[in-house]
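Here subunit A shows up in two complexes: once beside subunit B, once beside subunit C.
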Partner chain A sequence: MITIDPYAGERLKLSPFYIREKELNIRDAWSAWNGYKFADYYYDAEYEYFCIRNQCGTYDICPMQKYAIQGPDAAAMLNRMVTRDVDKIGTNRVGYAVWCTDEGRIIDDGTIFKLADDRFMLTCGSPCTAWLRKSAFGFNNLDITDVTDEIAALSLQGPTSCAVLKKMGLTGIETAKPFDVMHFPFHDDTLMVSRTGFTGDLGYELWINSGRALTMWDELYDAGADYGIQPYGETATDMARLEAGFIMPYMDFNEALKTVHFEHDQTPFELGLGWLVDFEKPHFSGRRALLKEQQTGPKWRLVKLDIEGNWPAIEAIMYNDEECSEEIGYVTSAMWSPAVKSNIALAMIKSEFIDGELWAEIYRAKELRQYRRMARCSKSTKPFWTHTRARSTPPADY
Partner chain B sequence: MPTFDAIIIGAGHNGLVCAAYLAKSGMKTLVVEGAQYPGGLAQTREFHPDFHASVAHTISHFSSKIIRDLRLQKHGYKKPNEFLPTIGMGENSEHVFISDEVTGCISDKDADNYKSYEKRMRRLAKALAPFWSETMPRVGNNNASELITFAKLGLKLRLLGKDDMHEFLRIASLPIRDLLDEHFESELLKASLSWDSLIGSKIAPRSPNSAVLTLLYRMAEQSRGRHIIPASGSKQLIDSLCKAVTSAGAEVRCSAEVDKILVNGNREGLRTTGIRLTNGETISADHIISAVDPKQTFLHLVGVDYLDIGFTNRIGRLRSDGYVAKLHLALDGMPEFTGLDKAAGRLIIAPTMDSIEFAFDEAKYGNYTEHPVMEIVIPSIYNHSLAPDGKHVLSAHVMYMPHNLKGGWTTEAHAIATQNALKTITKYAPNIPDKILGYEFLSPTDLEREFHVTGGHWHHADIAMDQMLMMRPTYEAAQYRTPIPGLYLCGAGCHPGGDITGLAGHNAAQEILK
Partner chain C sequence: MSQYDAIVIGAGHNGLTNAAYLAKAGLNVVVIEKNDYIGGAAVTRELYEGWKYSNCSYVCSMMRQALHRDLNLSRHGLILVPYLGTINFGDGDERLFSYHDEQAAYLELKRHSPHDADAMNRFQADLTRYSQFIRKTLLRTPPEPTSFRPRDIMEFLFLAKQLWRLGEREIYEYIRFFTMSAADFLDDYFENDLIKAAMASPGIIGTALGVYSPGSSYILLHHVMGDVDGNIGAWGLARGGMGAISSALANALQEYGGEILTNSGVEKIIVDGRKATGVVLDNGDQISARIVVSNLDAKRTFTQIIDREDLPDSIYERASNFKIRGSSGKVNIALSGLPKFTHVPENRYINRGGQGFTGSMETMERAYDCWKRGNWSDDPFVESVIPSAWDPTVAPPGQHWMSNFVQYCPPTLADGCWTPEKRDAFGEAVIKKIERYSPDFRDLILHMEVRTPHEIEEEIGLTEGNIFQGELTIDQLFFNRPFPGYGQYRMPVENLYMCGSSTHPGGGVSAACGANAAREILLDLKCRNTVPKDDFYDE
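== the complex of A and B ==
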């Protein structure tokens, strides 16, 4: 008898690495990202976080959207879509970018891999096909392909990551500078490695045709056995990225095209991404709105907060004084940072209050009973956590 | 490199009107036109040796203000005293004649009702009339003068009195069929009266949307929607406009096709600097004013690199598929329509509203009907220069012939459409086939190619609720200014829309001169 799965189209897709991951996910802690089954954590989120900071870990980024954009008009199309100057990204280099609506509100952020003058890969957190189609309208010599399923990608992050790749046989990987892309022969195929990541630490991302995904995983884990390699999930990623001061969609910003309420989305200036907006470029979508905003100043600003005490300010409302006289903003991400040993957060604050006192109203449950505390916050301008190993080339061997 | 204050792209009537106003107020103005002659769809061309016609074969609501302002009568434009009656052609040689009153094959009741119907429509048209010649307010960003425009509209409607105001609000978006069914019995009368609310757009009697507003727009002038053919045709109007332009010191250059609108970008943003012709010549100007349709202007002449993505897609989505083909016949003598003494007037071959609807149904799905509906005039009756002595020209707007025809406008599709149109005409004028010396059938695709107008669309973009007033062609370009400083629109793709009115050109000039 043939049984037909009535939910076939509804079930989560499995990453090309899933066969290995399910053996390692001893807690069966799965959630979903872009329709893929995806680990929250494998064993213990904090343990995985410490692996990132002290040894190395792998994070499955197969669910991330990947688009191959190629053709004579590819650069022009991207340059008109994103706020930074794509022409300034060198070949085999990666650039972080945001793209905006005509009103200058952020649609999404992502990375642009320039692989040749007419060949790019764009990655982003969620599908962007409709906007890419709109962005490509009017350009004739251009081909955009969603290669999310074809390319398996694995992020390898942590101090021993370079050593692991060297041991795996990627000769010369230590010469890759941050945001460099290198290509290595790999079983009659090519393994692309970029020195990129979402942890603020030394790290790489590995890109391979899906058919070779398991071979790559096995060779990487063989090489990493003595270097403490471990898989990590979404929770550890979120901790590491917050320490590095990186923003996360649906936490620190809303995608403009999916936002219902007026101005519940953000602009690059509000998120402190003004450095990504290149007004030397005569035109890009949203430029007029952003130029105006640059002149008048953003209504809100995302700030990094160091908060007194040790209560994580999760979902806290921000006030201008301890008496809660005026509501001035809200916390978007918060945690106790193990590496920095402080209580950190990102918060959106109305610009006019940015230079005054900042107070977070924090709620915390202790054995089902809620407690409230007002905590004074101070702004910090630098990432909460950085390490020279993230930037040095070649990175020190661990 | 020659330098001007203003360059107008396209010497259609709107481009010429705009140029004349600008030149009159002292701007050094140049009009460039890709075709050999000015006039756009209103130009008069030879379609068969010694036989001439223009696609826009009559004039109905050309702005009298423009005639006065530009002193067109001094420049040779002469309005004839007589209006063409509209003649509804019945299938059994019965007719209705529509002018100030209706006569012919109708009941007394219909004749009576027409009087009150026409009076009401005239009052509504008069109330709306000022708004066609004003810049529409920007949505959500109103300065005092824009708010006044809103207030004036409200006041005008209020001053109509409660009955008329209620009636206007009730019927504004009504399908024309519903409106006419309320008033009349005669199918032939209703079909003929519906004609002017439909022609030119992708709309039929049962379509809710802009039919009533289109009708009121066409009734705005003193002519109240009645048509004329000047003694030397549409050409007379175009010639007088050209004279108004040149006598104000501006230049009209034909056979000068624009390849690109030049845009310069620096830290401050973008600005147009001039144009480049297809022959490589560049001409600079402070103001570039495009009378070309919005799709061509933005998507081809400017190029999407200089436009925001949302805006570009709104322009790209404009519905601009033409649905009207043009048939020109060179006739050896006067055609005889059964039961009509003389084919003097605008003959509507659309015996019932269903006949229009069914023709539209085919077009909706990318086909054309075997039984087209059409409007015919014999312009050579009024304008003797169109044909040799004793010969005549028959000119017909044939609906609904979709630009986006399934399988495309192949030679075969073209031939069958022509035959269908001829067969239909022959039913009403059996002697026509013997008199045909030559003919020309222009599908919307032919119109697009010959006249450089996207979709071969009369109005550059459908006149529809979402593409009119402050939404025409789309917000951010609806006040004749565009997102690119220095670039303006002045064609039918702007408020108030198409037809030979000159108002888009007039309104654009007022904005530029502000």
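== the complex of A and C ==
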């Protein structure tokens, strides 16, 4: 007898990799992303973080939204939507991009894969179907398909990641430069590999038709067995990305279309993404507002902070002096960085205070009792953590 | 002849609130009520043994929590419990389930339209933004636009500041929003008809407008701007039925020393010179007081219980023309078990919230067409909830009561007045509609109370059975409510005030009209203000 699950419609969807992940998620530590069941961590978040920095780890990015944008108008449509010049992205290259409302506020960030002159894949953290449709108004020779469920994606990050892929049989993968895309035959199918990631480390992202997902997982894990391969979840990702200075939606920026208060979202200039805004190209959404902002300067700036002491400045309010004379901003992400042994954070600071003293008011509980400390912060202009292996081609084996 | 500081006419929830705040300030207050029970349209009535119907209003989300807290309504027995989502039934087999859980809600919308699942985020953010502004005005007296008194100027500055906080673009959107139809508003977001219909349905509840009528988008907002404990758009049930709200308010009033006289309809308000001095009851008794507060609707107050010669001409005319069109019916049903619906999974949560027999945008508009022609619809929009699935006090264990709110139902029919036969035929149309989605429904029915606008007017005294005491259209809102120039609860006859839903902020069990009126009355009587300020989660 078949019993029908009366809650089927309410349960989270399962990633094509779920069967393998479930075996490895010893802690049953799950959360959710875009309707998919999704791991916070599998065994130990710190262990998984060190796999990224020391060996290699896999991160399931199936819930990330993927859109196939194809047709003669594809490039023009994307160019009107995003702030950077899509024409400057080469074929089989990946470009990071943001797109904005007419007011120049960021709707989301993501990556654009240029697979041919008229064939692109756009990936982003949140569903973007409605905005893509609006962005396509006026472009008729174009097809936009949500391929999130059709393409399984796995991020492989860490110093041994290239060696693992070579062992898996992806001959020539070592020639891939950062942001390159390569295609490999895989069981009568194609495995697409991009040298991209969200950890600041050497790493790749693997894209395969969902039907082949488990085969790919198994071959990858066979190859990686002696290279310390380990699945990691959201917690380790968040640690690695913050060390690399990458921004996270819902932490460092709010998606403008979901923001209730018009000043609770951000512009590219505020987030230090001015390099992604190209005023030389023809019109794009938000151009007028961003041009104005470029002249007047952003009201806020996201800055990288190195904070004295070792209390993570989680949700700290920022002040201009130790006496808290004026509130000048707030911390968006903060952690103790295991790699660089520093107390790091990203914070939004009002522009007029950016060059003055910066102090974080930090609360910390010790055995249930709350303590407060004012900590002096210094600005850092470079990513907190970088490694040459992230950029060298070919990368070393470990 | 008894002598009071204040007489409040009508023991609806706003009248009780008003009286409670006056009594709290030390005034000697009496509330007079024509029925033998209190509560007006916020009542719990046992019309079938063992079943307690909230036979008019049935859910609550607008009740100002600052008043709830200030009047100690919890200690007086009130608890508001939020209920889970609603099932919206399409014309055919489509069902749209709503969930509080973000992921489940997303997957469900995506099942209908990936586009709309994405667009819902923007819709919710925009509605929240609009609500935040309106909500700030609920427990405040509207400023007079033509007055240059400092308090009115300050109030306008306050409003301007709140509006400015929306951002430049949103100010335009806001003005646009107020005059749009629900359909036009929703077309900006959604493509799926059932999703649109489900979102549009709050735009027609209680109003003689259709989803395509300009102004219905505000009605939509009026219904979703409430909150339960900070969850905007959530709806709650009062444990024990809506009457629990009225009885808690009555307890508060009596604790402050106020009195309630039931079985005491008002024949007329006594006007001596230009001042209201008391009332004559329908039994001939007279009660005099320093002030008289009417919780009746504006039309009833000025065309039925005040002599025309006691009023400025223009007021009688405005009251006669006050837009207060009956458009809603209510069918209360005692059931021997929980109904099962087709194409709805049988699980412990989903079947126990609300049911929106929505159909489609077209179905709702066709139902409105019937109203225009003076008929009830054979295929009406019905918004149902089964409170007994949540509240153990309103039906025997295992048995249920179902509240069915019906849109549209005309106050008078094209072929004449309502008769008991026509009323039953209307009830039958509602049962038939539910039966389409729940084939065994009829077998569960133990008792039914069918209320057309006729019954609602006869029993509760709402003109034409209009549940809002007057349409919530922009010409009758804010400083225009009930009439331009009389938006601050003081009426053209000296010492006469209004405190019902005919005043700002309008219909709904918010208690705000009654509290706002009390604040103005206490100011005039040079008493200390007892009405608290509102509080907000977004500040």
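Basically, the second predicted complex is superposed on the first by the 394 of 398 C-alpha atoms of A that agree within 3 Å, B and C clash if a C-alpha of one lies under 4 Å from a C-alpha of the other, contacts with A are read in each partner's own complex, and residues count from 1 in each chain.
Assume a contact is a pair of C-beta atoms (placed from the backbone, for glycine too) under 8 Å apart; a residue touches a chain by one contact, two chains touch by 3 or more.
Owing to the predicted nature of the structure, the values given are computational and were not obtained by experimental measurement.
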Taking the superposition as given, does A:Ala32 touch the first partner, subunit B, the second, subunit C, both, or neither? second
In the superposed arrangement, does A:Cys128 touch subunit B (first), subunit C (second), both or neither? second
Subunit B versus subunit C as contact partner of A:Asp146, first or second or both or neither: second
According to the contact criterion defined above, which of subunit B and subunit C contacts more residues of subunit A? C
Quick check on the superposed pair: does A:His261 touch subunit B, subunit C, both, or neither? Answer first, second, both or neither. second
Touching A:Glu10 in the superposition: subunit B (first), subunit C (second), both, neither? second
Contact-wise, after the overlay, does A:Ala76 reach subunit B, subunit C, both or neither (first, second, both, neither)? first
Scan A:Phe279 for contacts with subunit B and subunit C and give back first, second, both or neither. first
Can you give me the overlap between the subunit B contact set and the subunit C contact set on subunit A? 102, 131
What residues on subunit A touch subunit B, complex-wise? 76, 80-81, 101-102, 131, 134-135, 137-139, 279-280, 282-283, 285-288, 291
Which stretch or stretches of subunit C touch subunit A in the complex? 97, 99, 101, 103-104, 106-108, 110-111, 114-119, 121-122, 124-125, 128-129, 132, 165-167, 169-170, 189, 345-347, 350, 538
Mind pulling up the subunit B residues that touch subunit A in the complex? 264-267, 269-270, 299, 303-313, 316, 483
Mind pulling up the subunit A residues that touch subunit C in the complex? 4, 6-13, 32, 34-35, 102-103, 126-131, 133, 146, 255, 257-263
